[in-house]
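Down below are the structures I want you to see.
Two complexes follow with chain A in common, the first pairing it with chain B and the second with chain C.
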Partner chain A sequence: MARITLQALAHSYRAAPTKPADYAVQEATHIWDNGGAYALLGPSGCGKTTLLNIISGLVNPTRGRVLFDERDVTGLPTESRNIAQVFQFPVIYDTMTVRENLAFPLKNRRMPAALIDSRVAEIARLLDLTPHLNRKARRLTADSKQKISLGRGLVRPDVSAILFDEPLTVIDPHLKWELRSKLKEIHRKLDVTMIYVTHDQTEALTFADKVIVMSEGAVVQTGTPEDLFDRPAHTFVGHFIGSPGMNFLPCVIEGSRAIVSGHVVQLPQTYPVVRGSKVELGIRPDFVQLVPAGHGIPVRVERIDDLGRTRIARVSLPQGDQVAATIPLGATVDSNAAAIAIDPSRVNIYVDGFRLTPEEGKI
Partner chain B sequence: MSLTLKNISKVVGGQVHVHDVNLAFENGSLNVLLGQTLAGKTSLMRLMAGLDVPTNGAIIVDGRDVTGVPVRHRNIAMVYQQFINYPTLTVFENIASPLRVAGLSKDEIEARVGEAARLLKLNQVLDRTPLQLSGGQQQRTAIARALVKRAELVLMDEPLANLDYKLREELREELPRVFSTSGAVFVYATTEPTEALLLGGNTATLCEGRATQYGRTADVYRNPKDLTTARVFSDPPLNIVGMEKRNGQLALATGKFDSVETLFSRLADGAYTLAFRAHQLRFNRPSGPSLQFSGTVAVSEITGSESFVHIEMPSARFVALASGVHRYEPGTDIETFVDPADIFIFDGSGRLSGLPSISPIVR
Partner chain C sequence: MDKPYNNKAWLMVLPVFLIVAFSAILPLMTVVNYSVQDTFGNNQFFWNGLGWFQELLDPNSELGGRFVDALWRNLLFSMMVLIIEIPLGILIALSMPRHGWGVAASLVVLALPLLIPWNVVGTIWQVFARSDIGLFGWTLNKLGIDYNYVSGVLAAWVTVIVMDVWHWTSLVALLCYAGLKSIPDAFYQAARIDGATRWAIFRAIQLPKMRRVLIIAVLLRFMDSFMIYTEPFVVTGGGPGNATTFISIDLVKIALGQFDLGKAAALSLVYNLIILTVCWIYYTVMTSADSDEGSAAP
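Coming up: the complex of A and B.
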């Protein structure tokens, strides 16, 4: 196990990078604690896999250093880094039994047979593979094969970190639930640094203690799921986290008053003066309520999506901006609803995309 | 056009891929095939397209039997999970390709491609080649090509499965509007209940080659007629618990009743399965009668806005989904409650049992 430090790290796939756009990973320093569960989350092309490959040694960074605790591993090949990896597709030996597959990484390192047996038994039990231990891997379903792959990643007790690259993408939704919660249980039991790359927000948020949100090669926010939900540092994070994402309404800020479509929202905190920039009020659909005309910001109800367990009202402001509002379970929709009310305690203000810190009071 | 499948079966090498499916899709309708991997979605689509010939049954288009008519003699478009485009052609030429084959005039081609490109937000990238596009744009190009043909039947086999989460969200929102402007029959296969609900339209649930139910999507979700349908249409997985009634006495496999016995008085003696969805398992005791389940927390997953709490019961594992942050340490004892009005009761053969004393069944 190790603390992982990425020191002034940047990477470009170009031979002679000059401008920021040439970099797949923008220069930054990150420190990830020993034993933590981290997720790298972002759309494809955001640099998350490049960052993972730099940690594993598959990619040598253009600039900066990679440290495992105090040890500089920059430039070391993958096999010298003492890490385990799990990929999107199963990487297993078809002709071996499940037991042999799980034991392989340990045998390779000449661990004592007794330790191998107990370790294989433990991992098999955690992943519900015990009944299949003596079966050939090729006879198993795709889902079970990916479980073996996970098991091979988890089996070594001495690794610095375990890296997962979209490990559940090929898994059926019902089994995803099971495997995700298993991984979380296993993380608690094994106490090893885990880094998990995904574009799926549910996987990232449910797996990780800390989620690292990336966009265009840069980390835009590192935080707990609550941080990302309650106080997105950037409109990108507000949009990317949550389904539907955060609403952004053009507004004017005057101290503790936000003015949206000529309607005043009284906020619990005061903001510094901002001029000449794009100012937006950010509010999650969960904290927007449909109300009768005259009781809030006037809107037109475009449609209502029935998602089974909740419904989402899609409304538009007079200037055309789209807003989503969650209709709670069991609530009825007033057919006269022509306005929205915003919970002022859940409002964030953004200037040119970045969250504006209030002057006094706290959210 | 309208499409009817009459007693369709497909057996390959002694294995039943499709079993006695009866479905009727109307002109201009959107139809979701919902089921896990290997449920028969792709097999059914290939039969609809005429790529395969059914072992039994008939495929009727506008009252005409087209069973065995090969795909090239029918006006059909398909979109696959993998993005399929011509890599050397521009986006414009990719979309235009079926129209060039059909020998349409230059003006007509420009008009149709322009229209499809506007609908799928591709107008800015028409002169690029597919490799210069994001995955979402590549798949939109494939969808535009399917639409531009003005095919009578458009088959989409998990078209968003390889896309990033946010892109999927965007396309899921756009697609129903794209569909509604065309008079074609759309068939859309997915493994994800949420995707079916977002798309709306009609849904056929599939399991082991059988169509278990077909109807308005939200109706099938709220009123599954059997246990299989309820399972297929639940994400997180359905919570289920066995119940037996003998000589008027009720026994639950796990959990207990709190003054609800009378609600089950109309049930005949026998074995039953009680089922409810994750959001219906609550942490607060309802004011009225309830079923109670005591267990220990296996793991809690927090998304920032919602919490999934996995609970071990003596003979079951439940998932509870609650809005807000509910953090429970693993091993915590927990009491959970279900409102009897939220429970589906299935009989020994898995069919929904009518429960006149709990009515109306509205979920």
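Coming up: the complex of A and C.
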């Protein structure tokens, strides 16, 4: 069981990195608590897999140290670290049965046969693999194979952290939910740190206690799913989390008044004075409603997306800024005379992309 | 289900039928024709029915005895070649570099023996293994080993087998290398995390993933070594005595040396059938075992 500390860690795949753009992972320090469920979330190529491989020891960082509790493991090879990793594609040993697959890591560590049997039986029960124990592993479906991959990690009594590298990529959608709840269940039962890399926000938000959003090698925000939804630290997080992403409207801030497109939005909190920078008002589409003209900021309706549960209107402000707004249930839309109403309690203000902390009042 | 059935489509296949007929079926039929006749030259042929086949399959007759002896030599040769070349090829493939300039370099070096014509390979070894002027044979004799492939049966066999290993191990190595290259890195990473030893990685990952190419490699090497002709013909000429007279060498002796076209035709048909049967059984067994286990492909 371990707390994982990444100390002033940076990594570059180039031999002689000079500028920040050379780094796949920008220098930063992170502390991940023992027993937590973390998700590393970001678009492809943002450095999340590199970060994961540094923790597992498959990649040696260019700079900085990796600590498990107080132990420096930076120079240790993968097999000497107390971690297990589940990969994007199920890794199973084709010629072995499920039982032999699960026993493999223990056999390699020369554990007594009786102990191996009991561990394998226990983990197989946990993963619902007991009926398949004597079948050839290659004959199982992709989700069962992925469970075997996970099982080979769980079966080791010394494992303190399990790393997942987009483990549900090849799993059928209807089984994804099942497998993900299985992961949650296992996380609750066993006191083990789980770090989960994904570019799928639904996976990250449903799996993790803490989500770490990455972009271009840097961590943009670490927080609970609620934090990321309600208070994105950066416009990137606002865009990336939520579907559709957060709206950002150019505005002027005067204390607790935000002026958008000539209309005043009265905010419940007061902001410090900012000058000369790009100031934007961020609001989730869920909290922007399309209303009849005269009840808000006038807009032109571009198109309407029916998402089944809700309808989203794509509208534009007179200056051309695009906004996504929710259409209230049962409302009829008059495309020629529409406006948007912003819920002031859900507004965040961004200066040059970063969230501005209000002086008083709170969300 | 009324599918439109267009008979004109057969016209598209006709050229292939014609080519196959002229290139394979007609020549084969002439062999079948010869195998049921006897000739005393002058283009005079006499009907002999299944006589040649009966003689061929009777080990007590002159022809049958020769055939059985040569068949055993062929089987022994193929077994030896497979036993040496397959493990050696795997070993070479495992020790080849996976990245950098070494990949291209080792591929070129490995491909070299495969690019040399058969009779040139034979000539190379004929000279190389000579005990008077050949580097290989001369060195062995200097080391105190009595080695002369012209007079010694063992020396002749060693020469022929080493020559085949030199010529064809590359093929096995290249096939295995291709199989190894197709294993995703994640497998090796997972094995490291599982604490697998080098041997365990080979047994649990590399060998199973090479299975398909190994089936092909064994098939190709069996077929080819069972049909061996040129290299031993150039080096030993089938001798000393009949020690390295394989079926194909004997076949040429009968057909061109003695001009016994009937015997030769019967022999080549049986020879052909043996290769076809062995390959078919082997391939069917291997692939059916494969599909048995692999209903859910990875």
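Convention: the second predicted complex is superposed on the first by the 346 of 363 C-alpha atoms of A that agree within 3 Å, B and C clash if a C-alpha of one lies under 4 Å from a C-alpha of the other, contacts with A are read in each partner's own complex, and residues count from 1 in each chain.
As a convention for this text, contacts are C-beta pairs under 8 Å (C-beta built on N, C-alpha and C of every residue); 3 or more make two chains touch, one makes a residue touch a chain.
Just so you know, these numbers come straight off a predicted model, no measurement behind them.
When both complexes are superposed on chain A, chain B and chain C sit side by side without a clash.
Between chain B and chain C, it is B that contacts the larger number of residues in chain A. In the superposed model, the angle subtended at the C-alpha centre of chain A by the C-alpha centres of chain B and chain C comes to 70 degrees, rounded to the nearest 10.
Contact with chain C, but none with chain B, is seen for A:Phe87 once the two complexes are overlaid on the shared chain. In the superposed model, A:Lys19 lies in contact with neither chain B nor chain C.
Of the two partner chains placed by superposition, only chain C is touched by A:Met96; chain B is not. With chain A fitted onto itself, chain B and chain C come no nearer than 5 Å, counting C-alpha atoms only. In the superposition on chain A, the residues of chain A contacted by chain B and by chain C do not overlap at all.
Chain contact summary for the complex, chain B toward chain A: residues 36-37, 134-135, 164-167, 169, 191-194, 197-198, 200, 218, 221-222, 235-237, 277, 279, 298-299, 301-305, 308, 310, 319, 321, 323, 325, 330.
Considering their complex, residues 184, 186-187, 189-190, 192-197, 200, 204-205, 207-209, 293-296, 298 of chain C touch chain A.
For chain A in complex with chain C, the touching residues are 56, 58, 77-79, 83-85, 87-96, 104-105, 108-109, 136, 138-141, 145, 149, 152-153. On chain A, the positions that touch chain B within their shared complex are 43-45, 142, 172-174, 177, 180-181, 184-185, 188, 199-202, 205-207, 225-230, 239-245, 284, 286, 305-309, 329.
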